[in-house]
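Just below sit the structures, each encoded as structure tokens.
You will see chain A twice below: alongside chain B first, and alongside chain C after that.
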Partner chain A sequence: MAPRLEKFFAAKTFCVVGASTTEHKPGNVVAYNFVNHFPGKTYLVNPKGGQLFGEKLYTSLMEIEDEIDAACVIVPARFAPQTIEQCGMKGITNVIITTGGFSEIGEEGEILQQQINDTMKKYGINVIGPNCLGLYSPALGYDTMFLPVTKLKRPKSGPVSIFTQSGAFGAAFIDQLSNLGTGKWVSKFISYGNASDINETDSLEYVGADPDTKMILIYLEDFKKGREFMEEARKISLKKPIMGIKANRTETGAKAGASHTAALSSNDAIVDDLLDEAGIIRVITWDQLEDCVLAFGTQPLPLGDNVAIITDGGGAGVMASDMVTDCNLKLAELSPTVQKYLDETFPSFYATGNPIDVTGSATAEDYKIALEVAYNDVNVDSIVNICLPCIPDLDIDEYIKVTKHFARRKEKPFVTALIGGDEADKAAAQLLAEDIPVFPSPGRAVRALGMLTDYTKYLRKHGIDPKTILVEE
Partner chain B sequence: MTDNKTIFEKIKQENRNALLEHEAKEILRNIGIKIPPSRLVQTETEAVQSANEFGYPVVMKLMSTQVLHKTDVGAVVIGLSSEEEVRNAFADFMKRFDDVRISGVLVEKMVKSGLELIIGTNIDPTFGPVILFGVGGVLVEAIKDVVFRMCPTTKEQALTAIDEIKARVLLEGFRGMPRVDKDELADIIVKLSELAWENRTYISEMDINPIISNEDGLFPVDARIIIK
Partner chain C sequence: MAPRLEKFFAAKTFCVVGASTTEHKPGNVVAYNFVNHFPGKTYLVNPKGGQLFGEKLYTSLMEIEDEIDAACVIVPARFAPQTIEQCGMKGITNVIITTGGFSEIGEEGEILQQQINDTMKKYGINVIGPNCLGLYSPALGYDTMFLPVTKLKRPKSGPVSIFTQSGAFGAAFIDQLSNLGTGKWVSKFISYGNASDINETDSLEYVGADPDTKMILIYLEDFKKGREFMEEARKISLKKPIMGIKANRTETGAKAGASHTAALSSNDAIVDDLLDEAGIIRVITWDQLEDCVLAFGTQPLPLGDNVAIITDGGGAGVMASDMVTDCNLKLAELSPTVQKYLDETFPSFYATGNPIDVTGSATAEDYKIALEVAYNDVNVDSIVNICLPCIPDLDIDEYIKVTKHFARRKEKPFVTALIGGDEADKAAAQLLAEDIPVFPSPGRAVRALGMLTDYTKYLRKHGIDPKTILVEE
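Right, the complex of A and B next:
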């Protein structure tokens, strides 16, 4: 059976119920999105009638003669049950309810949600929401995010699909991705809110099967179908990387039971092991999510765990080396010919082991020499390029050119840490503008490699060649 | 051999939720987990006969629905190495526990010391039956070096769980200790996970703690099963 979300995204006719004529109101924004970007036919419904964005406002769903494949319902919660009833009568089987005011607000909302659930079952309607942002796909011109572009910028089409329990997280992260590099990141975005019907497991099934989704990013607080989710994830993670946050780590502790096992069974201890076992890369903080997108979205997977560090600062190199150990990576032992070449080429006060420390005397040419030999060394699986641009003889523009060159080769993962003030920030911005992964600390750069390498190890453990996983075309 | 469902039904009818150790071990034997030789006896003579049959040293444990935390009240004696010691222990049990309903005394061949591990199951509200493997013994809840999997578990999943505990170095023959038979251990994890899954309407929690790994193999020493 095809994943249920496919019918939503495959819609040829779409209806916005509650299309508002007041600018920036949710019903106005969603109507605007579909009228302007959706390649299929858009119908708008507003009981007052009239026109909006040059389209007719139907006073009722029943007035529309065409068949409707999917609809977005943006009406106050108290009108939602009757609207869903009308959707059912009209034969619409895929409905997104973005409005809030249901089970998340307590008893009163609970009753409304129950009414919707009953109607949904009666007519066999698939429901996303309520209390969510719904769906977004730039390539499909599909956008039920009810916040105007002036407030919530839309990222352009790319390899990442995201599903989230929290709409607010989703909105902020989508906005953030629009601002990251070229902003070309998103394939499908799914915000399912209260998950009255479509839930995390439906979302995972859909993005897992979707050929345009190359990597999957998740934000969850709980599971509606935990067992099915893990079983599905175990299959999908062998084909594309899944990563993200399972928040609410401290909510449920272990209940005192009669056995040791019950006493040790805190929900998060179980979640953590099951995510890991299913091949899902779990991150804890928000900034790690962006690092995931940059690392997995722009770099190939490493074929081993040997890291070469190139740095102009001793301290930064030591910290990066520490993080190499923390992330279960290894400092690569450079090949004897590479070692010999570096020893002969660089002044004696440069450290030519690993890290290769080109010191405060470094020039962009020194970086080029060090990065070139490290990149080409068969003993090196990935590279950390650290620069503290405050040193006197470094031509930052040249350094940026050198960094771009290696970041674009994409034979091995290549990450950069630019550390400092204004000059570092400006250089980082120039690199990021071309989707070259740059991080503001050595630790974050190494940790990004750690996540990539963890995924390589997971694939290998299951007999999959990491070279078969291509996030970037 | 009584089948497992019959045992669970009997316990339920008796309005109990904790199986006695010999009942729990019978369940484990029924699913093919090797348990050290043991027998529930009613008389001193039977106790001596069993001890002679198994070989010394033996352990004796008092089985009573009124005594669930056996060690706390001295209802477990270990290292009995002669007929006389077995007789004395039996007589001592009868004297000290003359006010409780006794189901019998479990005489068991004593397992040589070794690495203490734990395998257990529980029902998680999100994931249903889950199985745990880790470092066992009395300090298990303080050490918390355990790994979870969903039930039923495949052998491959069991093997990866075994390799994920922090103290995995202990399994490889640490400081002269015998190596742990991971293959056998994984088989036991799989069997217990299948038991928990198939009987999820009965079983709420299980512990095999410790399961001892020594030079002779793997031996479940204590077992606990709680039903719903």
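Right, the complex of A and C next:
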């Protein structure tokens, strides 16, 4: 059986119920999105009738003669039950309800939610929401995110699919991704809010089967169907990486969550084990999730856990090495020929072990030499390229060129940490603008490699060759 | 007895030995710094004689008739021993040796280092270095950092003193601070490199006693005199906050450190306990240290551990609440009158507990209302102001005004997390430009409060009123 979300995304006719003529209102924004970007036929419904964006405003769903494959309902909560009833009568079986004011606000909302649930069951309607942003896919011209682009920038089409229990998290993360590098990141985005029907497991099933989804990011506060979710994840994580945040880790978080998506906290240590066992890479902070996108979205998986560190600052090398241990990685033992070559090539005060410390005397050419041999060394599985550009003889433009070259070879994961003032900011901005992964500290760069390597280890444990996983192509 | 570093910073006559006429060479940069910024008398020495920056180049130290209070030696390592001998003969008792090529490069360097050590003892010279950046104080016009401002930007005068075992870490961090907010951060900067004489304990003694130092940041890989350091820290941490990185936490880090500052790793759990017991707030990552500067440098200490969270995103509120627990903080129980006022003022679907969730419908006015009552609530010790600006009705300029107002009241610590695309970036930049603490994730904002609160707890444990500590004024 095809995942239930497939019919939403495969819709050829789409209806916006509650299309608004008031600029920037949710019903206006979603109508605009579909009229302008959806390649299928868009129908708009507003009881007042008239026109919007050159399209007819139908006064009722019943007025539409065509069959409707999917609809987005953007009416006040109190009108939602009767609107869903009409959807059912019209034979629409895929409905997104973005409006809030249901189970998440307490007793009054619970009643409305129950009415929707009953109607949904009566007609066999698949429902996304309520209290959500719904669905977004730039490649499909599908966008129920009811915030105007002036408020919420849209990332362009790319390999990452995201599903999230929190719409606000999703919106802010989407906004952030649109400003990350080229902004070409998103395949499908799914915000299912209260999960009255479609939940985290349905979302995972869909993006798992979706050929355009190369990696999966999640934000969860609880599980509606924990067992099914983990079973599904176990299968999918052998084909594409799944990573994300399971918030609500603590009693305090649970208290906050209760007034939000009515989520219940579980014993977090158990959750941690289950996620791990299902091959889901768990991250704790927002920053880390962005780091995942940069690392998995641009670099290949490593074939082992041996890291080479190249640095112009000893302290930064020590901090990176500490993080190598924290992330269960190893400092690579450079091959004897590489070691010999570096000893012969570099001044005696450069450290030619690992970290290779080209010191404050480094030039861009020194970086090139060190990176070339580290990259080509069979004993090295991944590379951390650390630069504090404040040293006297480093030509930052040359360094940027060298870094681009290696980050684009994609035979091994290659991450860069740039730390300092104007020159570091400039170099980071130029590299990121071309989707070259740059991190603001040695620790974050190494941790990004750690996440890539964790996934390699997981795949190997299950007999999968990490070379078969191609996210970044 | 006055701390040994005092005589360095109190120098009225200063000599640059190895002043270079070649632009951007270390000996040229340091000569430039002192000739242009040092209010005392600067002498320059170069065996070739001539002039530099309008000052005479003495061919030898012996040619100078005046007494020299302190000197910076910037000659190749092989010439260093005889130069130090000359310093001794000239009666200079405070010498900074910035050059590298000593114990940090192995056997050959060890010999030179030993020669320096012997001469130093013979004449009773206080030595900073070798293999270091030396000293920097913008207020004193004192700057032996041998990198030109085009490479290494200098932060302006402020409350933070820093000492570091790694010169490269120090340089990059100084560079970074110059780009953080107004850049008005640094009182004294001390990079002591190989610590042949002046070490971490001397540095701590000095900045501890220095009235212009309001907070102390450290980067260490090992301790030359661990016991003395901890004893000193125990006294000073009751008067001003000390925080920093002790790298070399792992076997791997220690291996990297061995080729760097010849540091030996200790059992890190013991180090952790000792730092904790001495009142030093330990941070692990580079980001965290910058967060410390923003938090301690701009906000007062909290008088308790009760945090109020204001957010427009439920998920962000949950993540912040999780971090509240991680950082041993509590979610404040809002006072009943505050609770009642919020219930009466806000729409029913806003969450008026804690977190106060003004939801995706929030306006800047809603933030003002929520922040005002949270700020004034006696049950609230500190405030996290979270904003995902992508919501439809938030006027970002008004929100910026509101945030500035509260961040400047300084009766309670007030931190902001801004997450998203263009509007978040714009708001963060505008706020940071006025030294308003803004963090890129809810977690980092809460963690900043956690560090402030840890210090309050430490002070209270030792019977000190946190109100007596005024870093941010």
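One rule holds for everything that comes next: the second predicted complex is superposed on the first by the 458 of 473 C-alpha atoms of A that agree within 3 Å, B and C clash if a C-alpha of one lies under 4 Å from a C-alpha of the other, contacts with A are read in each partner's own complex, and residues count from 1 in each chain.
One rule holds in what follows: a residue touches a chain if its C-beta (ideal position, glycine included) is under 8 Å from a C-beta of that chain, and two chains touch if they have at least 3 such contacts.
Computed from a predicted model, the values in this text were never measured in an experiment.
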Quick check on the superposed pair: does A:Thr182 touch chain B, chain C, both, or neither? Answer first, second, both or neither. neither
Could you look at A:Asp222 and tell me whether it touches chain B, chain C, both or neither (first, second, both, neither)? first
Could you tell me if A:Lys461 is touching chain B, chain C, both of them or neither one (first, second, both, neither)? first
Check whether A:Gln82 is in contact with chain B, with chain C, with both or with neither, and answer first, second, both or neither. neither
Considering only touches as defined above, state whether A:Asp273 meets chain B (first), chain C (second), both or neither. first
State whether A:Met230 touches chain B only (first), chain C only (second), both chains, or neither. first
Compare chain B and chain C by how many residues of chain A each one touches, and report the one with more. C
Return the residues of chain A at which the contacts from chain B and from chain C coincide. 252, 257, 259-261, 263
Where on chain B is chain A touching in the complex? 17-18, 118, 120-122, 124-128, 130, 132, 134, 136, 140-141, 144, 146-150, 157, 160-161, 164, 204-207, 209, 224, 226
Could you list, by residue number, the parts of chain C that touch chain A in their complex? 24, 26, 100-101, 104-105, 108-109, 146-148, 151-153, 164-169, 171-172, 175-176, 178-179, 219, 221, 245, 247-253, 255-257, 259-261, 263, 284-287, 309, 312-322, 324-326, 330-331, 348-349, 351, 353, 355, 357, 359-360, 388-392, 419-425, 440-444
For the chain A and chain B complex, residues of the former touching the latter: 222-223, 226-227, 230, 252, 257-265, 267, 269-271, 273-274, 276-277, 461
